[in-house]
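Please read the structure below before turning to the comments.
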Amino acid sequence: MDYCSEAQNQEKKTLTALQAAEMAGGELLGDPELLIDGVDALDAAGPGKVSFLGNSKYRQQVLPSRASVVLVPTDFKEPPPENRAWIVCDNPSQSFSRLVEYFAPAPPTPEAGVDDRAVVAADVKIPESASIGPFAVLEEGVEIGENTIIGAGCYVGYGVKVGEDSRLHPNVSVREYCRLGNRVVIHCGTVIGSDGFGYIPGREGHSKIPQRGVVCIDDDVEIGALVAVDRARFGCTWIKQGVKIDNLVQIAHNVVIGEHSFIVAQSGIAGSARLQRHVAVAGQAGIAGHLTIGEGATILGQAGVGRDVPPATRVWGSPAMDEKEFLRGHLHLPQLPSMKKELRQLRREVADLRKTLEENQCSMRFHK
Amino acid sequence: MDYCSEAQNQEKKTLTALQAAEMAGGELLGDPELLIDGVDALDAAGPGKVSFLGNSKYRQQVLPSRASVVLVPTDFKEPPPENRAWIVCDNPSQSFSRLVEYFAPAPPTPEAGVDDRAVVAADVKIPESASIGPFAVLEEGVEIGENTIIGAGCYVGYGVKVGEDSRLHPNVSVREYCRLGNRVVIHCGTVIGSDGFGYIPGREGHSKIPQRGVVCIDDDVEIGALVAVDRARFGCTWIKQGVKIDNLVQIAHNVVIGEHSFIVAQSGIAGSARLQRHVAVAGQAGIAGHLTIGEGATILGQAGVGRDVPPATRVWGSPAMDEKEFLRGHLHLPQLPSMKKELRQLRREVADLRKTLEENQCSMRFHK
Amino acid sequence: MDYCSEAQNQEKKTLTALQAAEMAGGELLGDPELLIDGVDALDAAGPGKVSFLGNSKYRQQVLPSRASVVLVPTDFKEPPPENRAWIVCDNPSQSFSRLVEYFAPAPPTPEAGVDDRAVVAADVKIPESASIGPFAVLEEGVEIGENTIIGAGCYVGYGVKVGEDSRLHPNVSVREYCRLGNRVVIHCGTVIGSDGFGYIPGREGHSKIPQRGVVCIDDDVEIGALVAVDRARFGCTWIKQGVKIDNLVQIAHNVVIGEHSFIVAQSGIAGSARLQRHVAVAGQAGIAGHLTIGEGATILGQAGVGRDVPPATRVWGSPAMDEKEFLRGHLHLPQLPSMKKELRQLRREVADLRKTLEENQCSMRFHK
């Protein structure tokens, strides 16, 4: 994958194994002069690359790997072969990030200032440190904090407020009156503040319930690409501090997501559901409306939650139940047909026994 | 959540409880002079707010709520405590919408006219009452009806026709030749008319089946954010009158969705499936290709429909079956391991009984 | 559906049945002079339309159809009624595509050249044969191949390379350093290169793991609308030659998708999973992180894959298992409650038998 290495190490940087060990904050085993010019995964790396063992599942890949240098955990006891080196670290994955950042620097940040081709309403004041990209639209009443970056093609509706040090990547849409805090990051294509899905149903047509609330996104929230966060019917859809949301997630109107919760890709949270702090929702899971998910609860992948979940519990299945009970039951599913057959057989045998017994009782009675 | 109240009540409006009762069309119980300045949910509202009891699940929240005024249904019999008031309504939720609209007015509608920074092909005539936002692109042959609003950054492809009083929110893409009726609303980021997913598979590469049909969206349809509606292979993908589609939904090529159906978030409908009128598809459900879903049928959340569904029935599970049968079976899943154990035990007991009986028969025979 | 026919046959073309048979490469049965002016489905077509029998499921629709001409397979033996004609083809669906292309030609391709309203960084060279639409943004270091089309409103980040004959439909975002090959097609609203979802969790806040790799998309890949493909943490998220991805799919960081795989709508593939060649992932399926899916494997709709899948096998269910075992078990689910009841009854009967037997043994012993 030279293709990718070249894409990453734009600046043709190199490090010796010793320099890499210092940067990683680990202990070097092996040749300190080995030269490395990039990072890669254990199974993809060639000579000249540094890799890491971050998941014990891949332990068997360390020796066969062609990576010159590997970051290994303290319990990895194999010595490095000739012409290779280990860097022993408390947390190889975390240390590896420093090497990744060295070889694959972030692209230049958009320059401060308002691009000539952005549309900024007359009453909007942009701090000098902020950056507004081409073809961005900022409607009346918008407020933008220091150092905040609004990417190309973003739409920022009437009266939206965005705090400091935040970033909207290109082509994000934020509808009227929504609030984003400080250090909020929103990835491409995401929509904040679309109307909640609320109608009064009727045979001849459904009438729309006005959706006049907002979305409030607190500090340090990161939201992935192509996420939809609906505005509240009234009040706010509220994403609290430190929440991390993956791509293609649906957050319905009036949902509240507690501090530091994780919401993994393609999951969906229906109207007025409340997640307490530190909830984890795995991929493609769904949570029905008006439920409460307790602090620290885990909703496993593809689960469909139809009732409240107590704190610190784990649920799975659709509809969801206790993780272990569900899994044990589900794994027995393939045995259901044979169990049914066996049940039928037992029924016959019992009938047969009863018959034999009755006949014997007769004979016994006869013999009395 | 003053944060949100402030965001909503931009115009610092107030009402007395009596005025609110008149606006809501309900009967006031309690102090007519109580002053309110905003709307909020029962559990979030503070003094000065009006709230409502829309779902009997929240009945216990009315008395503890700090909301000054609450809209309650006619069967709510508790009298209001001091310094609070009830407004008794036939339909509190519906009446509440009028107060929401009063305190949280819609943002200003984009002005009529074509923004200087829109690109409108030379042959396109825009009615004076229509509004074309900045960075919108309208290709040749486009037709736009009276009062229709095309938001900032929208792409409207060759020969697309949009009726009257319709609205494309910002950053919507509508590909060539698609048709949108009157009073159609499309939320941000949605894509209408992308190619259907059709290939002739081959070991050395799949060859694309041309997707040359269109998407027809009839009057009064509302489509959420980030929805993908594929164009037909030929003919049209057809979304009929009054259909409401939530966010992140997938509608494949040649699908037909009958009048007034509801399609909830993240559900997906595969190629050439036909939904009759008034079908309800709940969140994250999937419907396989070429199926017919009968009038008034309900597909429950996360169901995976693999065969036709008769009218007015409800299906659940993946693959889907009758709702009640599925649910009863699913709820028994955790008992499968113990049932299996019990089955094994019974088998042993029956064998044991047989043995005893045979021995006795011997002895009986011996005694004869 | 004249509405749609009109949308498709913009140029009012006609064909005789004989001309249609020649275009389709099939044998005509019936009147060679019948005039046709468009294509449609069997059940929707009126007189003057040509249709086809592509799926034997619809065999009963051929005679009742009002289509003047129908493409039928060689094993269709009914003769055409008066005033209608058949065209007998080896592969009616494939032959039909030629008629679709005749009546519903592709819209005009965007003209070559850079639109005045695009933003192209000073160092970017655009070949004369390429087309850059209005409001597209091409950052520094971008490279664009011959004949490639970048649609209106697309964002192409720092150092992105796109090969020849590729097309980004409107409103696509490609983040920095990503690589797209030749003949790559990306549909509207899709996001390539958003950050992978990686954090070091903490009670007081999660710290972000830098996502500094890229996305590499090889030749002949087609990606639907509103798809999210995350950049790698390091190295690349790699979509290999000929892969076809439907709408609203999630591809997480460091995923590798083998040549010619199909990924159907709304499915999701978690971090570092590897799909070998010719894998088929059906709609709404999910694959957990770090797994290997063997060559030619099929993941059925809504399956949730939690362990490696061997080559050429088919899995279903959530968590997924062998397709047939899962299906047999699942279809028995509704019988679980009655099985449980029967088990209880059998237990009682066996106890009863034992009692009777013990009493008889007593009596027998007594009689001895």
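List of remarks:
Read from first to last, the chains carry the letters A, B and C; within each, the first residue is number 1.
One rule holds in what follows: a residue touches a chain if its C-beta (ideal position, glycine included) is under 8 Å from a C-beta of that chain, and two chains touch if they have at least 3 such contacts.
Predicted model only: the values in this text are computed from it and were never measured.
Taken as a contact graph, the chains are fully connected, with every chain touching every other chain.
Where chain A touches chain B, the two copies mostly use different residue numbers: shared numbers make up under half of all numbers in play. Chain A and chain B have CA centres that are 23 Å apart.
Across the assembly, chain B contributes 117, 135, 153, 171, 189, 226, 248, 266, 284, 302, 318, 330, 332-333, 335-336, 339, 343, 346, 350, 353, 357, 360, 364, 367 as residues in contact with two or more other chains. Of all the residues in chain B, the ones that touch chain C in their complex are 117, 119, 135, 137, 140, 153, 155, 157-159, 171, 173, 175-179, 189-191, 194-195, 197, 199-201, 203-206, 208-210, 212-214, 216, 226, 228, 230, 232-236, 238, 248, 250, 252, 254, 266, 268, 270, 284, 286, 288, 290, 302, 304, 306, 317-319, 321-322, 325-326, 328-330, 332-333, 335-336, 339, 342-343, 346, 349-350, 353, 356-357, 360, 363-364, 367. Those residues of chain B that touch chain A in the shared complex are 1, 3-5, 7-8, 10, 39-41, 44, 55, 57, 93-94, 96-97, 100-101, 103-108, 117, 133-135, 151-153, 169-171, 187-189, 220, 222, 224-226, 241-242, 244, 246-248, 260, 262, 264-266, 278, 283-284, 301-302, 318, 327, 330-337, 339-340, 343, 346-347, 350, 353-354, 357, 360-361, 364, 367-368.
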